[in-house]
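Can you keep this structure in mind? I'll have questions shortly.
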Amino acid sequence: MKQEFSHLSAEGDPRMVDVSEKAVTARTAVAQTIVVLDEAIMDRLENDEIHTKKGPVFQTAILAGIMGAKRTSDLIPLCHPIGLDNCEVNIVVNERREVVITCTARVTGRTGVEMEALTGASVAALTIYDMCKGFSHEIEIRETKLLKKTGGKRDFKRA
Amino acid sequence: MKQEFSHLSAEGDPRMVDVSEKAVTARTAVAQTIVVLDEAIMDRLENDEIHTKKGPVFQTAILAGIMGAKRTSDLIPLCHPIGLDNCEVNIVVNERREVVITCTARVTGRTGVEMEALTGASVAALTIYDMCKGFSHEIEIRETKLLKKTGGKRDFKRA
Amino acid sequence: MKQEFSHLSAEGDPRMVDVSEKAVTARTAVAQTIVVLDEAIMDRLENDEIHTKKGPVFQTAILAGIMGAKRTSDLIPLCHPIGLDNCEVNIVVNERREVVITCTARVTGRTGVEMEALTGASVAALTIYDMCKGFSHEIEIRETKLLKKTGGKRDFKRA
Amino acid sequence: MKQEFSHLSAEGDPRMVDVSEKAVTARTAVAQTIVVLDEAIMDRLENDEIHTKKGPVFQTAILAGIMGAKRTSDLIPLCHPIGLDNCEVNIVVNERREVVITCTARVTGRTGVEMEALTGASVAALTIYDMCKGFSHEIEIRETKLLKKTGGKRDFKRA
Amino acid sequence: MKQEFSHLSAEGDPRMVDVSEKAVTARTAVAQTIVVLDEAIMDRLENDEIHTKKGPVFQTAILAGIMGAKRTSDLIPLCHPIGLDNCEVNIVVNERREVVITCTARVTGRTGVEMEALTGASVAALTIYDMCKGFSHEIEIRETKLLKKTGGKRDFKRA
Amino acid sequence: MKQEFSHLSAEGDPRMVDVSEKAVTARTAVAQTIVVLDEAIMDRLENDEIHTKKGPVFQTAILAGIMGAKRTSDLIPLCHPIGLDNCEVNIVVNERREVVITCTARVTGRTGVEMEALTGASVAALTIYDMCKGFSHEIEIRETKLLKKTGGKRDFKRA
């Protein structure tokens, strides 16, 4: 039996997935994205963002990510409009001097919040880009992916 | 002389860049993002999206990207609200079976449209993710970057 | 006893209807609108939209309708902000060569989704207008109406 | 020579129309829609809306229409985001006891405001529907159409 | 033991408050703001707004307040997106000829609606400002505050 | 001759002001609002916000204010949708331990940005409220007013 795109009708038209029969459960999702900036920009960020952990670039990105997650159903055409019980964005610099953004979304509802987590991470990344682009366009957003989800039909955890 | 973050005031507070003295010029930007889906999903897409070039997944992503580009200043905290003269999203599958999204934005204004192009490409990528996630979460959005910009103080073209 | 406008207070001021005491039930609504385009435009649409049922004009309208339904409470001043469990837009051409748009909305909540269904159908119709207006303004949107609702105090079905 | 859909690329993908080469001119558009309500509702409206011309139903609809016109490019996927120099919504009851909504939009820009006028009229009509639906769903929105446009390549005036 | 900002993480980053473990209860909040206009403007308002209680200035402000309350989570970065069971805005002129706006919000949910009530009152006040500023900028919005809340961990009532 | 409300038609209906004949000029506006928090909250803020001037509460409020200013025409029914060349929000604590928010907006256009400055200041104030309300509701937003405007028919400067 062939599995079909859940977002396409039998005629191939885009559609929402009907979640009216799904159970209301506690659902979480964690997504990650990585922003790679050139060395000169990273040096700038080091002074403030990384050492004090209170720099305005990362803080702006955190807020943009949270607000972006709340706008997910406005942006992604077939996403259900749902509330959020929580949304948290964390930003760290890893040992390879890459900026690692993690967005965790949580809801009690009939459908998962993977897209909210992914959208939050992506908007945070775009915001870092925006704030650093005055120095250089040698910036790349990469590896936006889901790390984990729980509470739906199938849990997922990236190996 | 040290160059500063254009989006931070002398006190380190986030701010818009004042563009009131900038010239009104024709500005364009082209951004690209790549979505890598697992083979099973790509096989699904092949049948419709890739061969006929009219599949509903890519068309939905194109529209979401265009609409997302129009929402850029709602999402990115320090972006100027500007109009758009044009926005075009193209999606192709390259020889490595990666989905390549290109977003071109154009405006006649006082500030560039890099963030519009990047946001349009990102939202299109997230939409492909959303429509394919019913099959698997083995999906990764990678290499979101600016390819080109013209019309501002400095043109940019990625080598 | 005189029945009053539910959206007006005793003083005649506009207000929301208080639904806090209403039961949470599964509610659906189906609305329809008809777009009449001149013959030259219909001939254009025939080649692609109607025969393959995958034309980009109707697909764009379907997506706009779904996204419009999600924005209902942003547009209609006294509508409650509610989620949607599902929203589906269908477009067919009837035997009189009229374009018939049907929008079905579904929610589990304290208030009905008639306005969501009507808004979704209307935005889909406006989108068809937008995409065809390059040919001619001999386009008319007509007969936007509710076909059916279930799950509230009184069901409704148009005769 | 065959005329093509301006909103479709050569490959048939939806796209904005590039207006970057168009002249900035003063542009206006007038759209109309008609709402037909059943007699019981019309009797209600008579007492307040129609005689004093200051009833809250029509005033709410006027405001919703103006606000809706401002949201046009958020709703219609391929509409350009543009400003508005003016937007005016008028509502009268004609001799057949139909509610006639007229929306006039005006901008100085590179593209017309037909969709803004049509969206404003439609949202006003939906708002009247919303405020009267407590009485009955015997309501129909009909004959949404463009009456006039000026300032673009071709003026239009409905015969 | 030191109480911390609920909207800041241990690292001092802004975050939402996780409400996933909170009980779903009926919650209400009432907020008030006062607009003081100069005498010339008040004289204008007297003729229509105050005597008939159906003036277009106050009615526009009421609608703007209700719609603004619905947009709260779009505006306030760390507010949860929640529905509203009801929102009511009242405007009266007190014995000192000040315009007193009261906004009541109500929801059945995991978090309170204080910010919705405060945002609704504020947007209504800004709208009165906007409609009267053609006469004079001698207008001041003052004393925006919460009057009452019920349904959460702690009720509140201003003395 | 009696001066009329610019936002009301001859019939008393709300309407935008037609600015199509106004000159495109550089326009600025500065608005201020004051938030008074109880002593316990101010003590908290002192440690971080006030001494380092980089506290997350004020930074969140600054960003919310800028983003709120960009949404002005979505919130205030009769405001024109216009761009912004700049928006800046500053927050200081004065000698009476009041939090003073100043919002400066700037545009090159046909209409002023008073409402943008006032909305930005108000949303920043509401955000401070939101972030501090976990401690106490003894918070008051007061004295929202315009300080200055330039570039329109009449300049304004508060005495």
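Note that the chains take the letters A, B, C, D, E and F in the order they are written out, and that residue 1 is the start of every chain.
Criterion: contacts are C-beta pairs under 8 Å (C-beta built on N, C-alpha and C of every residue); 3 or more make two chains touch, one makes a residue touch a chain.
These are the chains along with the protein names UniProt gives them: A, B, C, D, E, F = cyclic pyranopterin monophosphate synthase.
As the structure is a computational prediction, the values presented were derived from the model and not from experiment.
J.: Spelling it out: a chain qualifies if it touches chain A and also touches chain D; which chains qualify?
T.: Touching chain A as well as chain D, we find B, C, E, F.
J.: For the Cα fit of chain B against chain F, please give the angle of the superposing rotation, nearest 5 degrees.
T.: Rotating chain B by 120 degrees superposes it on chain F.
J.: How far is the middle of chain C from the middle of chain E, if each middle is the mean of its Cα atoms, in Å?
T.: 31
J.: Could you state the distance in Å from the CA-based centre of chain A to that of chain B?
T.: 16
J.: Which residues does chain A have that touch at least 2 chains other than itself?
T.: As it turns out, chain A has residues touching two or more other chains at 12-14, 17, 54, 56, 59-60, 63-64, 67, 71, 74, 77-78, 83.
J.: Please give all chain pairs that are in touch with each other.
T.: A-B, A-C, A-E, A-F, B-C, B-D, B-F, C-D, C-E, D-E, D-F, E-F
J.: Using the touch definition up top, name the residues of chain D that touch chain B in the complex.
T.: Interface residues on the chain D side: 9, 11-20, 73-74, 77-78, 80-83, 109-110.
J.: Help me check something: in the complex, which residues belonging to chain D touch chain E?
T.: Spelled out, the residues of chain D in touch with chain E are 52, 54, 56, 59-60, 63-64, 67.
J.: Which residues of chain D touch chain F in their complex?
T.: Checking each residue of chain D against chain F gives 26, 53-54, 58-59, 62-63, 66-67, 70-71, 83-90, 106-108.
J.: Any idea which chain A residues touch chain B in the complex?
T.: Against chain B, chain A makes touches at 3, 5-8, 12-14, 17, 33, 44, 48, 56-57, 59-60, 63-64, 67-68, 71, 74-79, 114-115, 118-119, 122-123, 125-127, 129-135, 137, 139-146, 149, 156, 158.
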